[in-house]
Amino acid sequence: MIKRYDNLIIEFFCRIIAAPVFLFGVYIIFHGEASPGGGFQGGVILGAGYIMLAIAYGIDFTLKRLREKVILFLSCFGVFIYGGIGAACILWQGNFLDYGKLPLPLTHANAIRGIGIMGVEIGVGLTVMGVMVSIYYDLIVAGGVQPEIKGE
Amino acid sequence: MIHQAPALTIATLLLSAFWIPILGMFKKESAYYIALAALFLSFASACVTLYSVLLHGTVHYHMGGWLPPWGIEFVIDYLNAGILALIALISFLTTIAAKESVKQEINRDKWPAFWSLYLLLIMSLMGMTETGDMFNMYVYLEVSSLTAYGLIAMGEDGALMASFNYLILGSVGASFYLLGVGYLYIVTGSLNMADLYRLIPGLYHSKVVFTAFAFFMVGIGIKMGLFPLHVWLPDAYTRAPSSISTLIAPTMTKVSVYVLFRIILSVFHIQFSTTIIPAAKLLLWIAAVGIIYGSIMAIAQKDIKRMLAYSSISQIGYIVLGIALANRMGLIGGALHIFSHAFAKGCLFMVAMAIVYKTGIRNIDEFKDLNKKMPFTMAAFCIAALSMVGVPPTAGFFSKWYIVLGTISGRHWTLTAVILASSLLNAIYFFRIIEKTYFSSFLGGGGHGHHEAPSVAIAEAPVTMVIPILIMAVGILAAGIFNFQIIHHLLQFIIPKGLV
Amino acid sequence: MKPLKLFALITVLVTGFLLMYGVNDMPNLGSNLSPASMHVSPYYIQHSEEDTNAPNFVSAVLADYRGFDTLFETTVIFCAGMVCMMLLRENKQ
Amino acid sequence: MEFILSKFNYLMYIAMMMIGFYAMIAKHNLVKKVIGMNIFQAAIILFYISIGAKKGATIPILEGGEHHAISPESIQVAHYINPLPHVLMLTAIVVGVSVTGVALALIILIYRRYKTIEEDEILRRLS
């Protein structure tokens, strides 16, 4: 199923849809604080876009563009952004996750908090995307589809 | 920085757990050392936290600077400061001991993920002890279960099924807990434990609160392996890799029991479970049946890890019995038994790990002459076994002693008899091992007259295993000898006012 | 019916009955005056813009007031990814 | 009748929960157990979201708050639904997804090892 099969219509439409899907995912991550959405939702959309490409073009196609190690790095680094922002607040005399204490050149504490929320959402988005793709890849490969290239 | 210590216990483990897989891509061996360093830092922070609790009393740490009940807070009081330090200590020692065993049992490619999950498991257990928020507790519960499913599944044949059964039961438990949180939320509007403690007395006769309590009990009962809900526990402990059973046996069930303490004592008032609804009475009898059942099943086992797992079920029964007695002595005994059982069970599982690592033997009948091969390990085993049976001056004696005093002051003579009978049963299954190990060569060689048994060369487990085992054995003795200090400085403050 | 299934059915019915029993005392659906919407949540609704500059209350609560929860929620996801990787990924020879 | 109408969601979630719970503990097929688990989680989500509902209220996003500051007292609490259960359920959804992923991974391994996903057959083979 996840081997590439040459269906022009599916490939064409996936190619058209892919870019707006990714853009939409990024939009949802960055607008999480003002409109419905946030890191989880945006991350899931990014991951779903990737999975859609994997279904249409086969898993080799997508693995060539996003290596296994990059996916692993994304999922670790995203959570690390979140935890790192939290720990950075300790360095500037705040409690854990007290974004208001971050040394940003803004006058109001609430504006700094807004920036903190956005940073956190980006971290969450990266992790969710990475993990969704990683779980998908693991389940698919273990379920019997062997990629021709190893994600080395 | 001292007031940041509660957050640092979690943050060090968390941040290093995320770096382990990244660095593990380049060098697989680095994973273990990062984990060890992080655990050491976390242990140090836990000690600092304990110290500040001893100096200044209860410590509150507000995450993100938000005051409760709006934000999440860590509350470290006299009950959980000791348990926090205990878990940090035991997991640190286990990690030292587990190094060689993991090298033997786990594929080298999987080390980074393994150690990362291992750290997150410890992190979630420490978080569960510290948190003062009901929903935060649920999240920790899920982190600990999820990591445990994965780690248990890495074990021998049958581990997959054990892990899957645990997954199904564990999700039932966590969902029940979540339902309980929801039911409390709908009538109080709060998720903070201290806030709930303030609000609940006005709602004692609400059916919602009763339902919430029942669901908490079942959910936590599944997580800690309380008697009728224990079905996942023996398989999971037996099939898991030795290092993982060594980690989860002394810590995970103890933390769940601590959550039970929290819910009965400082979310609901203890009067709720004693006088408003007959929960304490029900728990008493469940615990009593569990104690006997666990002991009898342990006698029937041949596999040492499975035997220890059933003995865990019985020991959990003691702690729950102590809580459910709901009097001074019972509570102190139950809390002290968390300490003594954590040390003893940790030591026993470490010994089992060392034996499996060195000889591959798990069947008790083949333990002959092990004392000559591994003298230090078996000496530690004897101390831990004595503690489980309850022989002075080990820690197990004193905690059982307080629980017995509690049954006497509550006039539950049957329960006194149950504890004494179970101690005898414990003695049967531990002395059977000691007899097989130390005396079988005498008994078998009796027919040959003065002929000495053939000498066996010492083949002790590696130093990294023996030293933690000995430290744990010393810990058992220390927790026994200094039990009065533990009670005087920590545990006497956990008793709610107005309790006889 | 097999005894196991019967036992399961009884367990489920008891659980359902217990939950139903609790529902009796619950505030009505959509009530403005239920404790759940009176005690803590008004603070979030009124102050999140002022405190965190985020008009979306859910985001403000998720990432700031209860940000600590969300950190571990992300950790849960991370754990799931790690577990799947550890269990399923073949060794590279 | 009024009782049923005023507590409709709560009763429905209990029915859903019972279905899921029964599938979790009574079915022998491992995948069916996982499906039961998902139904159970969906039931809990329904329950929590029902807690947050208010009659006639809108989604929890401040209206017109982006451009000019609004004093906290002038915000009508009854105008917005309760955001807290939504936050909690985001967490619960994520947890549900993670547990499902791990469960499926385990099932794949179990199938590879025993060539079946019927529980009683696996147990027979194990013993």
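By written order: A, B, C and D. Residues from 1 in each chain.
Rule of thumb we're sticking to: contacts are C-beta pairs under 8 Å (C-beta built on N, C-alpha and C of every residue); 3 or more make two chains touch, one makes a residue touch a chain.
Owing to the predicted nature of the structure, the values given are computational and were not obtained by experimental measurement.
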item	value
Per Cα centroids, the chain farthest from chain B	A
Which of A-D and B-C has more C-beta pairs touching across its chains	B-C
Inter-chain centre distance, chain A versus chain D - centres from mean C-alpha coordinates, in Å	23
Computed distance of Cα centres, chain C from chain B, in Å	26
For chain A paired with chain B, centre-to-centre distance based on mean C-alpha positions, whole Å	37
Centre distance in Å when chain C and chain D are each reduced to the mean of their C-alpha atoms	7
Residues of chain C touching at least two other chains	19, 26, 34, 36-37, 40-41, 44, 50, 55-56, 58, 60, 62, 64, 66-71, 73, 75-81, 83-85, 87-89, 92
Overlap residues in chain B, where contacts from two or more other chains coincide	14, 18, 21, 63-64, 135, 139, 142, 146, 149-150, 153, 179, 185-186, 191
Contacts with 2+ other chains: residues of chain D	21, 25, 51, 61, 66, 84-85, 90-91, 94-95, 98-99, 101-102, 105-106, 108-109
Residue numbers on chain B that touch chain D, as the complex places them	135, 139, 142, 146, 149-150, 153, 157-158, 160-161, 163-164, 167-168, 171-172, 174-175, 178-179, 182, 185-186, 191
Partner chain A, residues of chain D touching it in the complex	59, 61, 66, 90, 94, 101, 104-105, 108-109, 112
Chain B-touching residues of chain D, taken from the complex the two chains share	21, 24-25, 30, 33, 37, 40-41, 44, 47-48, 51, 84-85, 88, 91-92, 95, 98-99, 102-103, 106-107, 109-110, 113, 122-123, 126
In the complex, chain B residues that touch chain C	14, 18, 21, 63-64, 66, 69-72, 107, 109-110, 113-114, 116-117, 120, 124, 127, 133, 135-136, 139-140, 142-143, 146-147, 149-150, 153-154, 179, 183, 185-191, 206-208, 210-212, 214-215
For the chain B and chain A complex, residues of the former touching the latter	4, 7-8, 10-11, 14-15, 18-19, 21-22, 25, 61-65
